[in-house]
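In the two assemblies presented below, subunit A is common to both, partnered first by subunit B and then by subunit C.
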Partner chain A sequence: MKVVTGVVGNDIHVVANRLIDLSLQARGYEVFNLGVNTHLDEFFDAVVETGAEVLMISSLNGEAEGWGREVKLLKSKYQGLDDLIMMIGGNLVVGSGNPEDIVSRYKGYGFDLVCHQIDLNTGLDMLQQFIAERSGS
Partner chain B sequence: MVSTATDEKLLIDVGSTYIKVCSPSTIEQHFRDFNKDILDDLIDKCGNAVNQFKPEDIHICSSANGGLSALIIGLSHNFSLRYATNIAFNSGINIIDTVLYQDIADYSVPSDRVDVVIIVGGIDSRNQAFSDKLFNYIDNLDYSNIVFAGGSKNAALLQQRIPRLVTLPNVIDNRLHIVEAHLREYLVNLYQQDIEGKEDIKNLYQITSNQIFSTPYIVNRALPQIGDRFAVASPFILLDIGGATTDIHYSKDLVEDNMVTENEYDRLVFKRLGVYRSRQSLVLAAQSNEFVYELLATLNVTENILSEHSERATKVLMQLAIFLVLCKMSHFRKAYINLKLLAINSIVLTGGITKVLTDEDIDLIIAFFYRKILNSEHRPTTILDLNYDIWTLGSQGETSCQ
Partner chain C sequence: MSLLQEEREVILNNEYLDSFDFAEVEEFVRNASRELFISHHFKRNEKMLVQPRGGFPTYKQQYALYEFFVDAQVDVLPLTIDSNTRLNDYATAQKMLRLSEENDKDMLNGYPLVTHGYRTTRRMITHFNKPVSLRHGTPDARLLIETAIASGIFEIEGGPITYLLPYSKNFPLDKAFLYWKYVERVCARYSELNEAINRESFGPLTATLVPPSITIVIQLLEMLLALEEGVKSFSVSFAQQGSMLQDIVTGRVLRKMAAHYASGTAYSDAAIHLVYHQWMGAFPSNQNFADQLINLSTIIASMVGADKIITKTREEATGIPTKEANAKTVADTQYCLRILNGLPEVVDEEEEEILSLEVTAIMDAVFSDPADTLWRKVFNSIKNGVIDVPFSPHIINQNEMITIRDADKNIRIMERGKVPIPERCYRYERAQCDLSKDRTSIVNDIIHDIGIMQW
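Right after this comes the complex of A and B.
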């Protein structure tokens, strides 16, 4: 399964990005890593070019809060992305907040899976479970 | 007398307005006689020089007829379209339009014949990237050549449905990086094949046995060595304001771009911005720019100058061309790329414009642009390529490669 990943916005947390890449590969995914400082439209364009089934956006400095609001609008401009699994993880707010509120807010932005301050492997388990449930196995 | 020294070459540039001829001792420039075939005109004006060289020692480049026109169809703006656009510009091709595949049904089909259609998109493992809507669009298109440089899994279908399709290796690799070589080589060679079909330029093969290259391609190749001839402070842009088109070559440091390509300079062309062949569209562009009237006042002329055909009018038109090009490259106008104009340290001008405008004429325009559009006192140094050194440098580089 193909996954497009990268760090959104003006965020240079390259180590986290590399760890996500390696962990995804270790689980058998074909990874297209756009690296750090990636704009939202680049993520969706990469999905179109690769035919990826999963878009996994990470954010470590809390910038996702701003970018996330535009996800639904931008995605609606692309054709054929209805089945794309949208996942976001990392540190999703500046400061602190109620995790349940944060998850619910990001789901409202159009993400299927939201992992705020959750261990990487736990997040990847959630993805695996989501894929299994969707395929009905 | 025929030359024998191997390092003695005759370099000829056939533009849409001027013919330039560079021998080891002199550089000549002649206004073209449009009533004559290019070869006849060249022999008439520079026959003595041409006759002194053997066909293998004569190297020609040309931008006559505005070069090749291309239409690019791609899957996304950030990858396939951007990569193919970059390769096409740097190969000396003029792009008439780019089409985002998903919205292809909304695009109007160009009425004029397109020299080459470039289809790109998808990494090699991407399946079913294209469908009937592509073929319907292509069916209505009038073109001379068509090439596919996208994902290999889609090549078979496209070859089956599109007659005379040339298939090349993908411009995108599996890490989503650009692969320039194959498409660039095809486009550079296509320029030669294309002019073989144009009687006017084809005749030039009577005096040379070497490949005729596109002039912008030659200029782009010269830029890494520009410091050998000029005191250029990087980053710089080079403006070639010609009769039919205006070309801009720029250091990559001037764009916010993460595309890693072989050459550190890119090219962009404004195809209807010239002072002779494209004069009318240049005037229209000027009239629709709200700052132009103030600029004309600064130059102590009225807008009536735009409808005049005098030496003074040509000079003003060239000054406007510089201003309009800078506007098009700035954030004031959204374009294919926007340059970091405040970071430019030098502006190099080449082409016929250097024979008409002085340093002061150009500095005046640049100062006006930076003050009015960018609200800045920044002033890049102006350098005039008075003897076509850049073109000579590129031509010599290409001859040493052959």
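Right after this comes the complex of A and C.
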């Protein structure tokens, strides 16, 4: 299964990005890693170009909140992305917030899976379960 | 007029700069106090020089920081530059400096040297009459280093590789080589007038599980690139790695190799120094633990025999350190150095041999690249993965090398990628790792190995 991943916005935090890449490969995914400082439209371009089934965006500096509401609009400009699994993880707010509110807000932005301050392998287990459930239904 | 001088006039004819008086600056450097030159202090070789980090937006704050440092018996003052200036965004630096001055709130994470200008900054530097080291992270530092030297700052940190691969995603590496060639040439020219301007490479790189062979190769290459432009005083450096033995071995091999490669060139009269950085990775948030870590770093620097140590602070985990915390580390480090006597000499011949073989093999691969100049050989070697820096965010980096810690916390190469680690060394490196684990638990180990000092 193909996954496009990267760190969104003006965010140079590279360590987790490299570890996500390694972990996805270890679980058998084909990874297209766009690295740090990636713009939102670059993610969707890469999904179209690679035919990826999963888009996994990460953010550490909390700025994701700023452009989250643009996700649906931008995605609607691309064709054939209706079945794309959208996942976001990392530190999703500046400062602190109620985790439940954060998850429901990002689901509203169009993400299927939201991992706010969740351990890497727990998040990847969630993805695997989501894929299994969807293919079963 | 020489091509270099023509380029300098273009660079220095900049709307964010007061007029640059070439003749006056040259006179200033020619007659400057020798105390301002770290190369002069290195020659005296009296003690390990202690240099903290630090830069504040306003002149007043920077001056106050220097007063604290001098009280704490500092040897070398730092001037750390703000991130806008590092990215050549002088307009934003100017605006943020004004806001910082008007509102008494720091809007910059360092001293905007170009904005303050050399006439202002020189007053401060000459007042304290201590050597100052320029700390930045700028791929295109041409305007910045002209302003620095004109201010009386006679040590310039950085280099085309070490200031690019850890800090940038897509600044073109070939441009960085050419911009740094300018820096080396300007340093070389001023070095003819008085004591030498010292250039220092930034050995810590990403400070995240970089194996010593990669660190040393990059130090040697930046040294050679500087020497071939006429630089006469150069510092190679590295940061605490996590194992005392590995640091001692790294220091010995780095010193030996630097002397070897420098003497094999036409520039064998250059003086080469060794600089050690206290732990550059994630710090413990417990400030007492942080003090212990800093103290341990100082002891290892002594075992390594460093010529200069660059310090951290107990507030490292929480943000930009205060001047009080910064000065405390300087005083503590000086005390620790005074009471450290009768250090034993530690030699591990096997480790030294393995590391030397690795370094030589990578250097040979770089030199045998078919390109016509050294910088192009190095550029190609980074591009094709002969040099691979773990956890670099830059798109040119291969990211195929995987490193992990062994039981003694030495950094070992588990996957060499395209780096030409000789078979014998690779077998040795891998023999120290636990290869029976699956990839998922290896990733967990890597996470632990990166944060080794936080627990």
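One rule holds for everything that comes next: the second predicted complex is superposed on the first by the 136 of 137 C-alpha atoms of A that agree within 3 Å, B and C clash if a C-alpha of one lies under 4 Å from a C-alpha of the other, contacts with A are read in each partner's own complex, and residues count from 1 in each chain.
Note that a residue touches a chain if its C-beta (ideal position, glycine included) is under 8 Å from a C-beta of that chain, and two chains touch if they have at least 3 such contacts.
All figures in this text were calculated on a predicted structure; none of them were measured in a lab.
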Considering only touches as defined above, state whether A:E49 meets subunit B (first), subunit C (second), both or neither. first
Could you tell me if A:Q128 is touching subunit B, subunit C, both of them or neither one (first, second, both, neither)? neither
Mind working out whether A:Q79 is in touch with subunit B, subunit C, both or neither, as first, second, both or neither? first
One more residue to check, A:S23. First (subunit B), second (subunit C), both or neither? second
Considering only touches as defined above, state whether A:D41 meets subunit B (first), subunit C (second), both or neither. first
Could you tell me if A:L120 is touching subunit B, subunit C, both of them or neither one (first, second, both, neither)? second
Just subunit B (first), just subunit C (second), both, or neither: which does A:N91 touch? neither
First (subunit B), second (subunit C), both or neither: which does A:V14 touch? second
Report for A:N61: first if it touches subunit B alone, second if subunit C alone, otherwise both or neither. neither
Show which residues of subunit C lie in contact with subunit A when the two form their complex. 167, 169-170, 206, 208, 390-393, 395, 399, 402, 438-440, 442-444, 446-447, 450
Enumerate the contact residues on subunit A facing subunit B in the complex. 2, 30, 32, 34, 41-42, 44-46, 48-51, 78-80
Note: in the complex, subunit A contacts subunit C through residues 12, 14-15, 17-19, 21-23, 25-27, 35-37, 120-121
Spell out the part of subunit B that touches subunit A in their complex, as residue ranges. 75-80, 102, 121-123, 125-127, 129, 172, 175-176
